[in-house]
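What follows is a set of structures for review.
Common to both upcoming complexes is subunit A, partnered first by subunit B, then by subunit C.
Moving on, here comes the complex of A and B:
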């Protein structure tokens, strides 16, 4: 390790402190807003820390009283879970066999470039026909319709990620099992899929979060509590005439909690994905 | 097993994915091309063939040209800022200091925050009456009175870029950090023995390791920035006075607010073409870096 002068050490620590504040301050402020009373939030000069901690907004948003802000929020929470869950399951079902095929068959390797290419497509390129088709099929403002649309993002994404997972499992293991007389379905069921389970779990988790964060299609294709997702509900709150900024912040904290926890606890898998270019920015 | 049979089996296994991709990506894309040559409305009329009318009108219109310039500035400024701050943060995180592993772990927070929540958070921070930014600048005596950061054309785009940058520079930092950790210790040590200064060490010893991953991050971020919709829609909806309207916002307005599906589709294809050029550059880079290693 190189030796540093005392000045350099102090400068490095100061810079680290600045970076810490830059990273943490906005997130912490979101949380502080969610637990501050309204008088604290509109005080001048602003109260950076509330006089009394007020957790009531969490109760308001998570209540299911009819026609309350909570009812709409809880409905959008469940819609997000349903849409993201369905899209993730279907994406995995179509992605796993394709990913294995691409990984083990060099002659179809070029099709992976086609998959990556669709992943780069801007959503606006598909939005108009998708809207017309959903309207025609009666699937506008419907969780199934939105989940179907989310496959446009999730199917290429999971195929790409799981394919790189299969790549890291030596094919010699499969060849050896073939020599021992195992059939393809036995090889996949007993050897390859168990070995690829961690990658598939990671892909499922990221796919779920990708759908959880999605906003553009949800804004276009949903219009009320029957299908509106969390992101649209929050944008409604932020852009609407809600005067309680703390309530908007609380909705943000609740929506951010699942991805933040996954981000903190799955750091290693995440960074491995980032550096291989497999995770969207 | 012949290779022919293996290829057939592969296509068979890929069938479910292919059906899904053709149904919800391939066909809509083709239909967007068809619509772009019609004057179809979003609801109601099928529209009739109008040739290149939509394209001519869009490309010669001031709306498109102004929006393209706005998108260009948003992409260039936010990506440049993210790259510079990201690399500086990575160089810092590669030094020894107390709490380094904690800070490295916390870097994931802005990236993990959903884009809509990030946009909402910064909208609250920039709030003209009660926002934290106004309160802070006031308490430090840096402004005379509260300002409407997102409400004035002069500051709205810059405010958006800062919010976008805060969310995305940690991603660049983490990618750069992973690359820095791959630089062999003895090489940096040897360059110091040879008397290389800090700058030439960075430029000639460390930069070659950073260049590949950073290029990939640069192109990916540029593509994302060109497609930007969410953060702008939530924070300004393209306003004030269209000063933050980007291409995706313009497509949304044309196709969905004004329900002009035909010209909306042609506009969407122009955006797609621009993104494709960037994506092709990306593919070339991947192939190049795959060939190099």
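Moving on, here comes the complex of A and C:
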């Protein structure tokens, strides 16, 4: 709107500011907690900003001394990266062909809905069967086992998301490519997949986040540093008789970094993909 | 040798029959227009020729070779889609050259062919752009270029002009006609626009409900429509269709005292009293002087529209509507009764029951 009164402008900015505060306040508080010293955190009244900046907890969590809290944390960090990464990559590999099939053959669409219907089951309902299956396969307390479980959660979700991306690509374009002599793999590689790249990146990002944040199955199916993921490791920090809230907050900040990096990377890749085609051709 | 032959082509989707036995034969260099309203099966027929759909029954022969079961890419055809269907992630040059690229034509030869096509369509300056950076008319040209560059036996066009605005549509139409004259290729063109059909085609197939109602040259379609349907579909404003009864060789217009004496050869065919439909094209009507003793009918003028080159007069005879296209300076009074003279040689008479031309 070109014409807007000063009050309206102020109100709009105020609303945006409120939204920003609501969204960012917990994150900011998490960060402040992670750099506050313990006396600052337990002081009454609460110190909103610490008197002394204390970065020692970052050192504690990232230390590689054997049998320290740091070693457990770093191991779980890598476990999380492995599990979420593997589950996401395989979910995409599974999702792309099945999404294309469902999108281009509406008569088999029911199968996707049947799979999505399993989403309606609460995770706890599947916990026992999954546990027994993993035990039978010898995959308990194993990153591959956990990644496999996550795959069953991610694949339907990514398939569904990517299918809607394929749906928005006109079939006439693929027909034209068929007439131009492109084989199915060429059509997918040269036309359909590049056009669906944004939606695939979105699917990958959300799948990664979903796997990264998962707690319930990770808690049930892992027991030590060989497979424990971050969410479980953070819960462990709170589990003792003495809870160092600052340490938990620090773990939270560190745990948020990898998904953040993945998000930034995806965004860059996306923009690069779009513009490189536009300029060079 | 016929470039394209359709033999009793049928298409069924479950119990619905969209094509009910299409037979036609096209010689090389012909421009065939499939004309009909949406849902008449014309696009299905085009897809069957292209190989994007398979006929349930019948045979399609391209260049005397049956292509039933042959993959679209091996049929030696190119198609221009209504939505253009350009590849949005590729430059114009790659879009045009994609068919050659997929057929492993060397890059140098490909570039040359793309350049040549672009020159012909005057889009050389657009080659490095993406489809999203082009206007509708330019996209249309690229889509045509993509078909042209492969030099196929048959070109298929699926309503290629329907997404363009009126002025551009006319220009592109002329351009298509020019291209056809230069290249002399065989074209099958689907449209619901009768003007496109009339201007472009060497032959028109008017389709209705999955069959061909009439297959003939444009002037025959216009001047000797085989059925009432064809007559009403082609021409703008559409042909007047007056219910009438033939008594003693005179077609008495229902709801009017006037009659139109039928020409001798028509009179022979329309023996006895029978219900007919008298078709008169609006441009075959003229203002008749009040004392004119020739063929004329009286009607009450209701609406007068000046389009520029002509004056379109809508009037009624009883409950029937009569539209006349008159010279722009004609004196017509709204609400008054007016006698319209009829060019007797331009009468079309259809049997009311069978709707066929008498």
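The working rule: the second predicted complex is superposed on the first by the 229 of 281 C-alpha atoms of A that agree within 3 Å, B and C clash if a C-alpha of one lies under 4 Å from a C-alpha of the other, contacts with A are read in each partner's own complex, and residues count from 1 in each chain.
Operating definition for what follows: contacts are C-beta pairs under 8 Å (C-beta built on N, C-alpha and C of every residue); 3 or more make two chains touch, one makes a residue touch a chain.
Quick caveat, the model's predicted, so the values are computed rather than measured.
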Inquiry  = Let me test your reading of the model: by the given contact rule, A:191 touches which partner, first (subunit B), second (subunit C), both or neither?
reply    = second
Inquiry  = A:44 in the overlay: touching subunit B, subunit C, both, or neither? Say first, second, both or neither.
reply    = first
Request  = Report for A:123: first if it touches subunit B alone, second if subunit C alone, otherwise both or neither.
outcome  = first
Inquiry  = Between subunit B and subunit C, whom does A:177 touch in the aligned arrangement: first, second, both, or neither?
reply    = second
Query = Between subunit B (first) and subunit C (second), which, if any, makes contact with A:225: first, second, both or neither?
reply = neither
Key: Partner with the higher number of touched subunit A residues, subunit C or subunit B   = B
Task = Once the structures are superposed on A, label A:142 by its partner contacts, choosing first (subunit B), second (subunit C), both or neither.
result = neither
Task = Check subunit A for residues that touch subunit B in one structure and subunit C in the other, and list them.
result = 277, 281
Inquiry  = If we count contacts the way the header does, which residues on subunit C are in touch with subunit A in the complex?
reply    = 50-52, 71-73, 77-79, 81-83, 85-94, 98-99, 102-103, 128-130, 146, 150
Ask   = Across the complex, what residues on subunit A touch subunit C?
value = 170, 172-173, 175-183, 186, 190-191, 194-195, 277-278, 281
Note = Per the touch rule, the subunit A residues reaching subunit B in their complex are 1-2, 4, 9, 12-13, 15-16, 19-20, 22-24, 26-27, 29-30, 33, 41-42, 44-46, 90, 93-95, 97-98, 100-102, 104-105, 107-108, 111, 113, 115-118, 120-133, 135, 148-149, 151-152, 155-156, 159, 212-213, 215-216, 219-220, 231, 234-235, 237-239, 245, 248-249, 251-252, 255-256, 259-260, 262-264, 267, 270-271, 274-275, 277, 280-281
Key: Touch list for subunit B against partner subunit A, complex   = 3, 6-7, 9-11, 13-14, 16-18, 20-21, 24-25, 27-29, 31-32, 35, 42-43, 89, 92-93, 95-100, 103, 105-117, 119-125, 127, 129-130, 132, 135-136, 138-139, 166, 168, 170-171, 174-175, 178-179, 188-189, 192, 213, 216-217, 220-221, 223-224, 226-227, 229-230, 233-234, 237, 247-248, 251-252, 255-256, 261, 264-265, 267-269, 271-272, 275-276, 278-279, 282-283, 286
